[in-house]
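After this come two complexes, each holding chain A, first together with chain B and then together with chain C.
Let's look at the complex of A and B:
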């Protein structure tokens, strides 16, 4: 059974010039001990999806509909105090910029203890022990000393490790990592990705990895959901998606990513012409039609349904070929 | 006068930029950040040289020094064989036209109160490039055409454009001065994949069409592989390796270049197995390690590396590296 099941999620915002349909009918599931990547370009609704799961949405929200079942309970129906029991405990989150989510005036140790104290009744000594273990787990040298330090005394990579330590302090079932390595240099990114993969192998925590980087997806994801304009356009195992993409948007993205070893004068990057559609206007047909090389009249009129086009491979495109499915 | 073919367009010789960040009671500098610490390189007419390395290694400082935004601590910068680092402000202005810059953040580098037409007209005007009003208008129209923006863009303001379009405006503004060299400081780093591909392809076309030289500053090695002729790898204010694109990506000699390349995630399934994950963080440029700067993180370091500073040595046609292992 799935750990988390999102069904037909809609999260809409009120803005000065209309309703922004940031997430518009998203369904996905996260299975126990898997890493599901949600990939897509900026503004496609990745962060709004994660904020919807944790119910950390801003004031100007006009609509959340659908359901988000976690262990069978619909998170959208829980009271705020029930939600507080889940956040940081059963589901926790790490962000792109650790400095904005760490408290600059509290020591690292205090911040880990506070998270534990919120959800567990344990002694101070136990909390200290746990805090030290967590820092060691995420590969911070000399954890006892680091517990006494403040966030500004750490490098960017170390701060992200501290964030991960705090997020894991209560043994969550689900970790949501929203662009966890985007602000880091590649050398540090490689360390953090290795850490996330190790932690998952050890603790069996499920991870939702949100990223715009297909390279990062290839590193640690098991399955991938590709989002475009607030919707899921393709979903498959990581191997299938990277080697046999079926949605023209995914094909375009993979072509546009620069790859080492195929560069040089003759190698032009594949362009996806045009821009993402305005989410404040209703889109009747396929959301990608205005940029799609395969689009025909049909695509402008009718939105393609998400359909299984190959085993465990779901695509929303009128023209994606079916393959390997029993008739 | 155009430079002789054998003469580099730009020549940087032993450039240093040090910042005193702390002073004693008597005004003596007690903490000096060696942001750029003695680097030399040439750029030929029409050539693209990329500066790569982790954040904080001094790339932007090099770029800003070359365009005259910063005064070097020592060293020489020659443009077409003539010194430009020691010119009077008036004399520098005449040379200033020949080197333009495009920054990472298209949002903050364009004046929000100016229409695109005026943004582009400013350098044309300042450098006296237009014969009359009609010529000015046709130059602005041409520039928009060259960067593939619609004609009606001229009468609009920067905020009316997407990130990729704003970066095109930034490029058009740089081109307006008819420069010989454009410094691109992380010019495509903030753009989404599909838009990044559009802008990289555009830069390639412009370079070919106008015979422009580029100093392409980037932390993104994959993009560099698609755009560059040669690469200089920086670490803590020094160049550790310089090579043409092919040798650098296929046969990197310096262990830092090797580690940097192996850390880049690629969108192909499966984790990289032969990866050299660098341990630890970048040391502070205010307190660089003795001997080879890189020895604290180098997987191949031996005793000599902590004592003796390696110098850049020729290792093949056009290729140089600073490492004791390649003596």
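Let's look at the complex of A and C:
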């Protein structure tokens, strides 16, 4: 059974110039002990999806519909206080901005203990011990001293490790990492990803890894969901997706992976031409049609359904060829 | 820290010197000849001249400023021209009601303003928030003496819950002391509450949008923890700052409040001295007020590191 099942999630915002359908009919599942990557260009609804799961959305949402079942319970139907019992305890989250995500006026120790205190009844000494263990687990040297320090005394990479320590303090079943390495130096990025992979292997925590970087995906994910304009357009195992992408958008994204060490220039980024559609207007056909090199009239009129095109490989494209499936 | 403290104390010297200079000039350029007052109505011109020499009034501005400053630094603030009592003595006699009024006002105002700021920041944009901020505008724009007279009329004259005027020293019991100060402290503190809650609210609203608040929510923290453990602690620096700056407001307000409620404090002393042009007393209290204000803000600066570990001296 899946650990988390999102079905037909719709998260819409009220804005000054209309309703923004940031997430529009998204379905996905996360299995026990797997790392699911959600990829897509910035603005495609990845963060909104993760904030919908923890129900941490800003006040201008007009609608969250569908269901998000965690251990079979629909999170969208829980009371706020039941939800608080899940946040930081069964589902944790780390964010893109390690520099600003820790409270500047509280010690590291206090911030780790807080999570434990919110969800467990344990003594102060036990909490301290646990906090120290967590810092050691995420690879912070001299944890006893670090517990006394404040965030500004730590580097960005260290702060992201502290965030991970906080997130894991209560042994969550699911860790949502929203672009956890985007704000870090390349070398630090690799270390943090390695840490996440390590933790995954040891603790069997499921991870939703949100990123716009397919290089990151290749390193630690098991399965990938590709999002575009608030929808899922393709889903497959990592190998399958990286070697045989079937959606033209995914193909475009793969072209946009920075290729390190190719020719003279170190980083080459192939952008997908064209603009993301306006989410405030209803889109009749395929959401990607206006940028798609393969688009025809059909695409502008009829939205393609998500269809299984190969074993464990789902694509929303009229022209994705079927392969390896029994007729 | 010590180095900073010393530097910070030293930096107040030029300001204090400027204040002293202005205060002295006030007396120097004030109309009326002190020698005439001193010598009395029946004095001959020779006697007046002698008094002038004895008092050093024939010296130049700078010499007189120098000797005055020297005396002030030794705690001699001069002698009242009306009562002939040393200004320092007058201040000592009048300090208790004023200190009591200020302390009480400070305590209740901060106790009221911080929760108001928290509520209205948390409920930003709602009717509750607008209500609180509306009260703030009201509290800030109604002159203290109007509020004081209204309070006095309703709660002292009509309802008789509190004395209409007068001060009961704390030595005669805390209850009566509090009772005598309740209305004055309320009148004096209202605009202070408005100021602190307004600034506090603005600071809190900005803080509540920070990433670390989102982190706290993602940890499962409830509004209570988010507001008190996370937001308030971060808002402490701006709140403490405005409390310090607002002390200026309190000092000015105390003069009015003490007059309305006939409290025998420094404020009344000041008002009376101004009305009677008792310049040495005016000098003394202005110096005292400036000094207090500086001292409070010095203290505020020095306690910042307690609230924000990023501030290190």
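Following the convention adopted for this analysis, the second predicted complex is superposed on the first by the 316 of 327 C-alpha atoms of A that agree within 3 Å, B and C clash if a C-alpha of one lies under 4 Å from a C-alpha of the other, contacts with A are read in each partner's own complex, and residues count from 1 in each chain.
One rule holds for everything that comes next: a contact is a pair of C-beta atoms (placed from the backbone, for glycine too) under 8 Å apart; a residue touches a chain by one contact, two chains touch by 3 or more.
Quick caveat: nothing in here was measured; it's all calculated off a predicted structure.
Peer 1: Looking at the combined model built on chain A, do chain B and chain C fit side by side or clash?
Peer 2: On the shared chain A, the partners fit.
Peer 1: Is A:42 in contact with chain B, with chain C, with both, or with neither (first, second, both, neither)?
Peer 2: Touch status of A:42: first partner only.
Peer 1: One more residue to check, A:177. First (chain B), second (chain C), both or neither?
Peer 2: Neither partner.
Peer 1: By the touch definition at the top of the document, which applies to A:227: first (chain B), second (chain C), both, or neither?
Peer 2: In the superposition, A:227 contacts neither chain B nor chain C.
Peer 1: Have a look at where A:97 lands relative to chain B and chain C in the superposition and call it first, second, both or neither.
Peer 2: second
Peer 1: For A:214 in the superposed arrangement: first (chain B), second (chain C), both or neither?
Peer 2: Once the two structures are laid over each other on A, A:214 reaches chain B alone.
Peer 1: If you count the residues of chain A that each partner touches, which comes out higher, chain B or chain C?
Peer 2: B
Peer 1: Please give the least Cα distance, whole angstrom, that chain B and chain C reach in the superposed model.
Peer 2: Minimum C-alpha separation, chain B to chain C: 10 Å.
Peer 1: Based on the A-chain superposition described above, do chain B and chain C contact any of the same residues on chain A, and if so which?
Peer 2: The overlap between the chain B and chain C interfaces on chain A is empty, containing no residue.
Peer 1: Taking the complex as given, what residues does chain A use to touch chain C?
Peer 2: Going through chain A, the ones touching chain C are 54, 56, 81, 84-89, 92-93, 95, 97, 100-106, 114-115, 118-119, 150, 152, 163, 166.
Peer 1: Which residues of chain C touch chain A in their complex?
Peer 2: 210-212, 214-222, 225, 229-230, 233-234, 236, 307-310
Peer 1: Where on chain A is chain B touching in the complex?
Peer 2: For this pair, the touching residues of chain A are 41-42, 155, 157-158, 185-191, 193-194, 197, 212-220, 238-239, 242-243, 252-264, 267-273, 275.
Peer 1: Across the complex, what residues on chain B touch chain A?
Peer 2: The touching residues are 54-55, 162, 164, 192-198, 200-201, 204, 219-227, 245-246, 249-250, 259-261, 263-272, 275, 277-279, 281-282.
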